[in-house]
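Given below, in the form of structure tokens, are the structures.
You will see subunit A twice below: alongside subunit B first, and alongside subunit C after that.
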Partner chain A sequence: MTTTTGPAFASAPTVEVDDVSKWFGQKVAVSGISCSFGPGLTGLLGPNGAGKTTLLRMLTGLILPSQGEVLVKGQGPRTNVDRYREIGFVPEESALYGSLTGEEYVAYAARLSGIANPEQAARQAIETVALSDAKDRTVGGYSKGMRQRAKVAAALVHEPEILVLDEPLNGTDPVQRAHLINLFQELAGNGCTVIVSSHVLQEVERMTERVIAVVDGKLAAAGDISAIRRAMSDIPYRVAIDCDQPRRLGAALLDNETINSVSVETNRIHVETSDLAGLGKVIAGLARDIDTRLSRFSPEDESLESVFRYLVGRR
Partner chain B sequence: MTAFIAITRVTIKQTLRLRRAIGLLLLSGSSAFTYLMAVIGSRGNFDFSNDNAFQAFAGITIGTFMNIVIPVVTLIIATSVLGDERRDNTMSFLVLRPIGRFNIALAKIFAAFVESFVVSGIGALALGLTVAIRIDDFSYVVPLLVGTAVATAAYSAVFVPLGYLLKRATLIGLSYVFIWENGIGGAVPAVAGISPWRIGLSATSGLAPERFLNELPTFATGSITAGAGGAVLKALVLTAASAALIALILRRRDLAN
Partner chain C sequence: MSDQTGAVFDLGYKPYEGTRLGRSGAIRAIIKDGMRRVMGIRRKARRKVYPWTLVAFAVLPAVVFVGLAFFLSTFSPDAESPFGGHAEYMGLTGAIVMLFFALAAPELLISDREEGVLSVYSSRPMTAWDYIAARAGALFAVVASFVLFPNILMYLGFAALDADGLGSALVGNLGDMGKVILTMTAYIVGYGAPALLISTYAKRTGPAAGIYLAIMFGSAGFAEAFQDVNFTGARYGTLLSFLQHPEVIRSWVFGQTQTAAPINAGFKPWASLLVIVLVAVLTVILMHRRYRDEL
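Presenting the complex of A and B:
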């Protein structure tokens, strides 16, 4: 590994990615990514086409890096097939055997993984993803959400140490989503390395604080969401302030050199600043000076969505 | 062994769809049907003695069954056993498991063989029994079944990797059968020596009474050496080589786009 410190690297890594690139003909899908994943839940974030799926497939050994190296517990994922006892993978695409029932499908995964009692293990995994009611139906007739849960059950049935999930919440309804998020968090809490990719920012935000953001095949940022945001000091923060005299407060704020811009609505002003902490210190004094009452002071862009928007904008 | 059996079972279940099975069974039975029509049509029209009936059997065995029915049935089934995994994006499910790549390959070839043999075997049995009843001699039924099994095994070994590697595997497979095997193979002994249907025919000829080999239309077959042991060995070598090739591909190539 070239570098193993920094927010992109886990303290006790189980999966290490060292300067990995992948190109398909002329198209570069992943370019020089170095990071690592350890026990706990890490969100792999990026827009569609960012290279998340390619990166996850390289982590599992499904595709080989054009350059660089992926190590799973110190070995290349394809070095020894026994390594796959420790890896569970949920692909983004359907990946189902339509003629099998849900239970047969998961039991098939258990058999291929060398589980001693595949039927029992399958029933347990199906129960874990709350799919017991549909276990006797063929997976070809499943809804999208049921298919996702069946894939998760098949990935979990051999109790892997490393779980790689590519957009696992696609097509799930809110109840199923909440259930799966709880499940992933529980697994991560029990010491499993859980890597979840998503382009839906709220999903990742609900799941984890640790994020690796990939944009245009490159590592755009890593760390916890607010730290990523703070690291991008060249990009201004947006703050919404509700008050009864927005025009007067806006004018007063424009005199402050840390304020980049102000826009005014009926009872609200939106402020862009490069010094959020400084604004927090002066705002109360300014409000007192012009005799206005503040009813709300809140950063608008601490969500992943805005971080993500910035990252994409920086390309 | 559990994984091997599991892969075989699921592969057969996935690939043997009802409509396809009916179509392939009709194709498989077409040789027996042709023979039956020849028997019925001959009544009162011309001399269809036992000798002629036997020649018709040998002709139909070569003319339609061994070099059309078996390869086409096996082509359709065998190209789908790995090709469907790639098409349906289930490769990751299969390969991200603690199973040796050679075992996966062997299980896939075995599944293609079993499925193709069940379909072609029914056709072989129908043809063998129809002929046996007509000429009152059942000694050709088992040799025909064995030859069918050997040819099916050899074709499975050829077509399974083809189905994984090529998107137009059926078209390429048909070209292989009709241009390479039936065209060039008839003239070039080296090609004929590793032609799957000729390997099957060698097995049948080795087990059947000598008369069968003598009646074969050599203009179509080229030189056929009777011998079941050698034919089985060739089929096994082809299978091992094919499994090794697939295993190598699974180890070295990207298994998704």
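Presenting the complex of A and C:
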């Protein structure tokens, strides 16, 4: 590997991606990505068509990179198929046999993974994803959310050390989603490397702080969401300040060089600044000087959605 | 009234701690799944009609023959069977084998691609070779079962009626079973390989079955035409008769008169054997090329 330090790299990596590119004919799906994943939960973000699925399929060895190398615990999964004992993969596509019951399907997955007692393992995995009530129904009759959970159960049934999930929460209802998110967090907390791709930012935000963002097939950002936001020094911060005299406070703020703009509402002002820390230091003194009372000071664009919008907007 | 009680159960991850098997376990699982799939087991009734009808056509005549032979033997204990032996029966089952492959091979291979389940296999500890071997193995196991079963029934039934006694007839006719196995292998490989090859590249099961049957019957017609054409090298066209090569092997093994186009064009039976082997090798190579990037 070339460089293995920085926010894109895990301290104890189980999956390493070294300058990986993938092109399909003339189309470049992934371009020169280097990063790594270790125990814990990492969100893989990107708009539709960004290259997330291609990257995940390379991580799991389902497709080979056109250039670069992917190593799972130090070995290429395609050159050593035993690595698949340590990988669980939930693909985005259906990947289900509609004529099998949920339990049969998961037990089949267990057999493919060489589990000696597949029925017992299947029952445990199905219970883990809270699908026991429907385990005897054919998968063809499952709702989208149940199908997703069946796929997760099939990916978990052989107790993988690395779990790769491509849009696993698609089609799940809020209760199922909360349950699966808890499950992924629990697995990550137990030392499993969990990589979850999603384009639904609120889901990722609920799951993890560590994200890897891919835009147009390139690594757009990596690390903690707030750290990524702080690293975008060319984009001013937006801050909402609630107070009892917003017009006076707004006027006072405009005298400060780091303030780019101020907009006023009834009891709130929205401030755009290139120096969030500086604003934090001066705001209390300014409020005291003009005898106004502050009730709230909160950055408006440190959310994952804002960060992501900026990342996509930079291309 | 008892005190109200409550409990919160842990739904968290409960890891599997048992033994792990090798790749052979996965291959066995795929073979079993494939056998169930081609026979329509646990599937809608209309999926069962075609395979089970063919199996009935393959098995029931033998049951009837043996039953009638027992019945007739009560009138004339020394009478020969009027229904022919294994060679004739293999001729009947050969056609059934081809019709079975026409739908079963696409059902196995194309459905996996249509349903997007290849990732189920590609993310498990197995290779493209394992998948190909297991899928082909499932197909061949089912065909071997319904080819062998009626022949074993006839072997045992006719031996029981043999004037020399069951034991000596079983030993004396054992060579027939060897011939049955050789002929069956020729049918399975000769008819199965083209079916698998077409199913590897076709996108839909129906068209794949149609293409297979058109090639099998078309190639026989093509070969018949070429055996009558009188120009240099025309006889080599008869080697494209994919339908007739297993028949040539059957007649060769059982020592019967050869009537197939390649033989009429002057080729020896081993030429048919060579074509069967070449098509099989080509099929394996092309199947692996097709699946190695996805599995």
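The working rule: the second predicted complex is superposed on the first by the 315 of 315 C-alpha atoms of A that agree within 3 Å, B and C clash if a C-alpha of one lies under 4 Å from a C-alpha of the other, contacts with A are read in each partner's own complex, and residues count from 1 in each chain.
One rule holds in what follows: contacts are C-beta pairs under 8 Å (C-beta built on N, C-alpha and C of every residue); 3 or more make two chains touch, one makes a residue touch a chain.
As the structure is a prediction and not an experimental result, all values here were calculated from the model.
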Combined model on subunit A where subunit B meets subunit C, clash or fit: clash
Partner chain(s) touched by A:Leu276 [first = subunit B, second = subunit C, both, neither]: neither
Which of subunit B and subunit C A:Ala227 touches, first, second, both or neither: neither
Which of subunit B and subunit C A:Glu93 touches, first, second, both or neither: both
Partner, of subunit C and subunit B, that touches more residues belonging to subunit A: C
Touched partner set for A:Ala109, first subunit B, second subunit C, both or neither: both
Partner chain(s) touched by A:Leu187 [first = subunit B, second = subunit C, both, neither]: second
Touching partner for A:Val28 - first (subunit B), second (subunit C), both, neither: neither
First, second, both or neither for A:Tyr84, with subunit B first and subunit C second: both
Partner chain in contact with A:Leu294 - subunit B first, subunit C second, else both or neither: neither
Clash-bearing segment of subunit C, relative to subunit B, as chosen among 8-16, 152-160 or 188-196: 188-196
Where subunit A meets both subunit C and subunit B, residue numbers: 60-64, 81-85, 87, 89, 91, 93-100, 108-109, 111-114, 154
Of all residues in subunit C, those that touch subunit A in their complex: 11-23, 25-26, 28-30, 33, 42-43, 115-117, 119-127, 293-294
Complex contact set, residues of subunit A against subunit B: 24, 57, 60-64, 78, 81-85, 87, 89, 91, 93-100, 108-109, 111-114, 154
Sites on subunit A touched by subunit C in the complex: 60-64, 81-85, 87-89, 91, 93-100, 108-117, 120-121, 124, 127-128, 130, 154-159, 179, 183, 186-187, 190
Parts of subunit B lying in touch with subunit A, wherever the complex brings them together: 2-3, 6-7, 10, 13-14, 88-101, 251, 254-257
